[in-house]
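Everything below concerns the one structure shown next.
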Amino acid sequence: MMAALGISLRDPAAWVFLAFAAMTVASALLVAVSRNIIYSAYSLLLTFFGVAGLYAFLDADFLAAAQLLVYVGGILVLILFGVMLTHKIRDINLSNETTNPIVGAVIAGLLFLVLAYVSMRTDWQVVDRGPATPTTQEIGRAFVGKYLLPFEASSILLLGALIGAAYLSRHERKKEA
Amino acid sequence: MQLIQFAHGLLPFLAKWPDWVVYLAVVFLFAFAILNTLVAPLTGISTYIERRLAGRAQYRWGPNRVGIRSLLAAMPITRPISKLADVQPFKFIGSKIPGGLLQFAADGLKLFTKEDIIPAQADKMLFRLSPYVVMAGSFAAFAVFPVSFWCSAINLNIGIFYVLGMSSVVVPGILMAGWGSANKWALFGGMRSASQIVSYEIPVAIALMTVVMLAGTMNMNEIVATQRSGYGIEKAGFLGWYLFRYGGLMIVPFVIYFIGGCAEVNRTPFDLPEGESELVSGYHTEYSGFRWSFFFMAEYSNMFAVGAIATTMFLGGPLPPYPVQFTESLPMLIRFGEGFFWFFAKSYFFVLVMIHMRWTLPRYRIDQLMQLCWKVLMPIALVWFVLMCGIKMARMEMAAPAEAPVVAEVHK
Amino acid sequence: MPLAVAANNMPVASLEWFLLVGAFLFACGIFTILTRKNAVSVLMGVELVLNAANVNLVAFSRFVKAPATLGPAGIELPKGVDPHLVYGAPWIGGNVFAAFVIILAAAEAAVALGIILGIYRNLGDVDVDQVTGMKG
Amino acid sequence: MRYDYVGVLVFLVLAVGFVFIGMLAQRIVSGFLHTNRPNAAKLSPYECGEEPVGGTFIRFNIRFYVMALVFIVFDVEVVLLFPWARVYQELYAFYRTALFWDMLVFVGILALGLAYIWGKGDLEWVKTFEKHLSPAEKVARPHTKKEAA
């Protein structure tokens, strides 16, 4: 029974995991269905936090902190700024309209079913990795070894993003003046 | 693991308990102790010290006077007793007690019993949730501080990176308060605060990364351990601290870190988000009573955290300025106290510096603030990072020239 | 000595649990992208999808069989040196990919929000149904 | 290692519980002392004692947003450089100076970006008005010249 579940309910850590997974799932659902865009954005905070927790359960310590630093401290703040800058209704309950929710739900539901079916039926080649080890230095070694080119290329990507974003915002300023 | 072994050594019967229960209990006690020594009372003490300093700086003596005598004199029934303070033995004792002590108690009582107002237009949920996020973000950073020798609540190997990540959780919390209050000042304050915190995070992170590069580890306990020796001396005392290493070159990242740290906790001269003359009091304008005090507590615990990070990364954390072998043979408990003393003294020193700065320097303008960050601190931090990498490279090259056997040095 | 009781050092839950959470995040993201009219909301959906992909990448990195080494083929390290200490543990690939996805997400968010701001300035609205300027 | 993250959870739970218990105690005390007496004036937005003017959510300066855009790029740079900084010392014996050049290329490309937005005036908080610029300055700053045209 326990083996079939893939989780041991007598293990206290399993309950923590379940709580985190439930939090992630529930807040992701709230992002999708909330009527208020600011609540959507703050559910996204919980989702990011829950995903960081999942990373910690997967022994990816560096990524868990990077998730907090980039997603919560960066992308979420950017999204919140975006919401606050572009709202047009002068009311605190910013509406967040949806179109064709039924079609969307059917497509998303089908996608979920397909993904769930595949992930449940595939015979994954699971191996025992041994006790958890710190990942930061492994990522660093990979960065200067096999993944050196993507590492350097990502700086060019970031340069492009920086110039692009600056260009778009400069466009704004020209209009303002 | 060390914590569990320590607990087993202290209380042998714990060995029968499951490990996770012992671990949870120990960490909980540790966290509880930090909350009740470093966060909550320290806020009160810092407020008291800040008041007294402010009173002195502004020739405003009130905060230095409020004491038992004024309390007694305030109530008709006890007024006769207050006259006793002019009688000799009491007069002498009274002159020895620092004034203003009761202001701190009165403040706590006032905050606790004050009316809790939630504006009618406010988004009630965000308004209520914000203190939780801000408090959790600022308290979680305390988990990895090495409060004494090899002793932090959690020995995370991503240490300083975790602190950066957790402290960035505060930003959405601040925006939450600003937006949820449905108040112009609060919204502006929240925007300014968030924008300021995220901007200054970059020079701060680069300055801290310089230390990580030199130490070769992100674990805060290990960073402290690398500061025991320096300049070729095994136990070097203060010479081993990163601030004094490399011929004083590390002073620049330290200064960048400290300026950025002051900006990140919104302290003067960077207190634009709370500038009274323009924004009333920033993102917590609409907060009152005990709910407000959590923001206050978070601000003061953040100040302490800035000092603690500076201490750990640049000033040897719990390491004393004299070589450690002087006290190495002392009993464990005394050594713990010694480490904690130095950690606390160094960290609190920075809090005092920040309080002094508040009453010394005028406030920046928003454009000056952003220019300082992006045009001064950021380029210097980057250039200094590269420079320190180069110096480190030169030193490693000298230590092991290219002809030497190559990978023997690869360790861990 | 992990907290999990699992004797074989496995994380508390099996791979499928993480994949299911990832799949659900993905479905939520797709639903958000498909149904929202507000461009910022659509961006939130994209972030959900990227997070879902990341959860899967990290889960595979933790569980699934990895190549023998990350090092270049044919180059011999001196004797006694563990190649994993130089090239990194071979299973780290998933984590590295997740890190690159995070970078991509940040770059994408910066540019996308710049574009959304442009749309807002031009049309006074961020409704994606209104953005039909390219229609022939 | 997995213990450590449960410890983080303990800290988070304690912080949240601290706020929760504090607010609960405050609620009880204020119920006991009847300090909560809301009225319309108290519940209106605070604008220094004046009647609130206009809507709350007025437009704010777009520069905040631009700063956030610039921030996120450098934030990611820092995240990428941390693993590099972590392994610099221990892998130096193997890669030698190549390791330093790897970093320098990475930082250099982003420094180019910083130089670009600096030169283009995106870091300026106060807008420059082209009419105050001398012709030489206009030549030096092509985008303002374009704006003037």
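Some notes on this structure:
In order of appearance the chains are A, B, C and D, and numbering begins at 1 in each one.
The rule we apply is simple: a contact is a pair of C-beta atoms (placed from the backbone, for glycine too) under 8 Å apart; a residue touches a chain by one contact, two chains touch by 3 or more.
The model shown is predicted, which means the values in this text are computed figures rather than measured ones.
Each of A-D and B-D has its own count of C-beta contacts, and the greater count is at B-D. The most central chain, judged by the distance from its Cα centroid to the centroid of all protein Cα atoms shown, is D. As a whole-number value, the distance joining the C-alpha centres of chain B and chain C reads 33 Å.
Between the CA-based centres of chain B and chain D the separation comes to 19 Å, rounded to the whole angstrom. Chain centres here are Cα averages; for chain A and chain B they lie 30 Å apart. Annotation for chain A: residues 12-13, 16, 57, 59, 61-62, 64, 66-67, 69-70, 73-75, 77-78, 81-82, 84-85, 92, 131-134, 136-137, 139-141, 143, 154, 158, 161-162, 165, 169, 172 touch two or more other chains. Residue positions 1-4, 11, 85-86, 99, 102-103, 106-107, 109-110, 113-114, 117 of chain C are each in touch with at least two other chains. In chain B, the positions touching at least two other chains are 1, 20, 23, 121, 156-157, 161-162, 182, 187, 191, 194, 198, 201, 218, 406-407, 410-412.
Looking at the complex, you find that chain A touches chain D at residues 13, 16, 53, 56-57, 59, 61-62, 64, 66, 69-70, 73-75, 77-78, 81-82, 84-85, 87, 90, 92, 131-134, 136-137, 139-141, 143-144, 148, 151-152, 154-156, 158-159, 161-163, 165-166, 169-170, 172-174, 176-177. By the touch rule above, chain B contacts chain A in their complex via residues 20, 121-123, 125-126, 129, 133, 156-158, 161-162, 164-166, 168-169, 171-172, 175-176, 179, 182, 187, 191, 194, 198, 201, 218, 412. Partner chain C is touched in their complex by these residues of chain A: 6-8, 10-14, 16-17, 21, 24-25, 28-29, 31-32, 37, 40-41, 44, 47-48, 51, 54-55, 57-60, 62-63, 66-67, 70-71, 74-75, 78-79, 81-83, 85-86, 88, 96-101, 103-105, 107-109, 111-112, 115-116, 119-120, 124-133, 135, 137-143, 145-147, 150, 154, 157-158, 160-162, 164-165, 167-169, 171-172, 175. Against chain A, in their complex, chain D makes its touches with residues 1-2, 4-6, 8-9, 55-57, 59-60, 62, 64-66, 68-73, 75-80, 82-87, 90-91, 95, 99, 102, 105-107, 109-110, 112-113, 116-117, 120, 122, 127, 129, 143, 147. By the touch rule above, chain C contacts chain A in their complex via residues 1-6, 8-32, 34-41, 43-45, 47-48, 51, 54-55, 58-59, 61-66, 70-72, 85-89, 91-93, 95-96, 98-100, 102-111, 113-118, 120-121, 124-126, 129.
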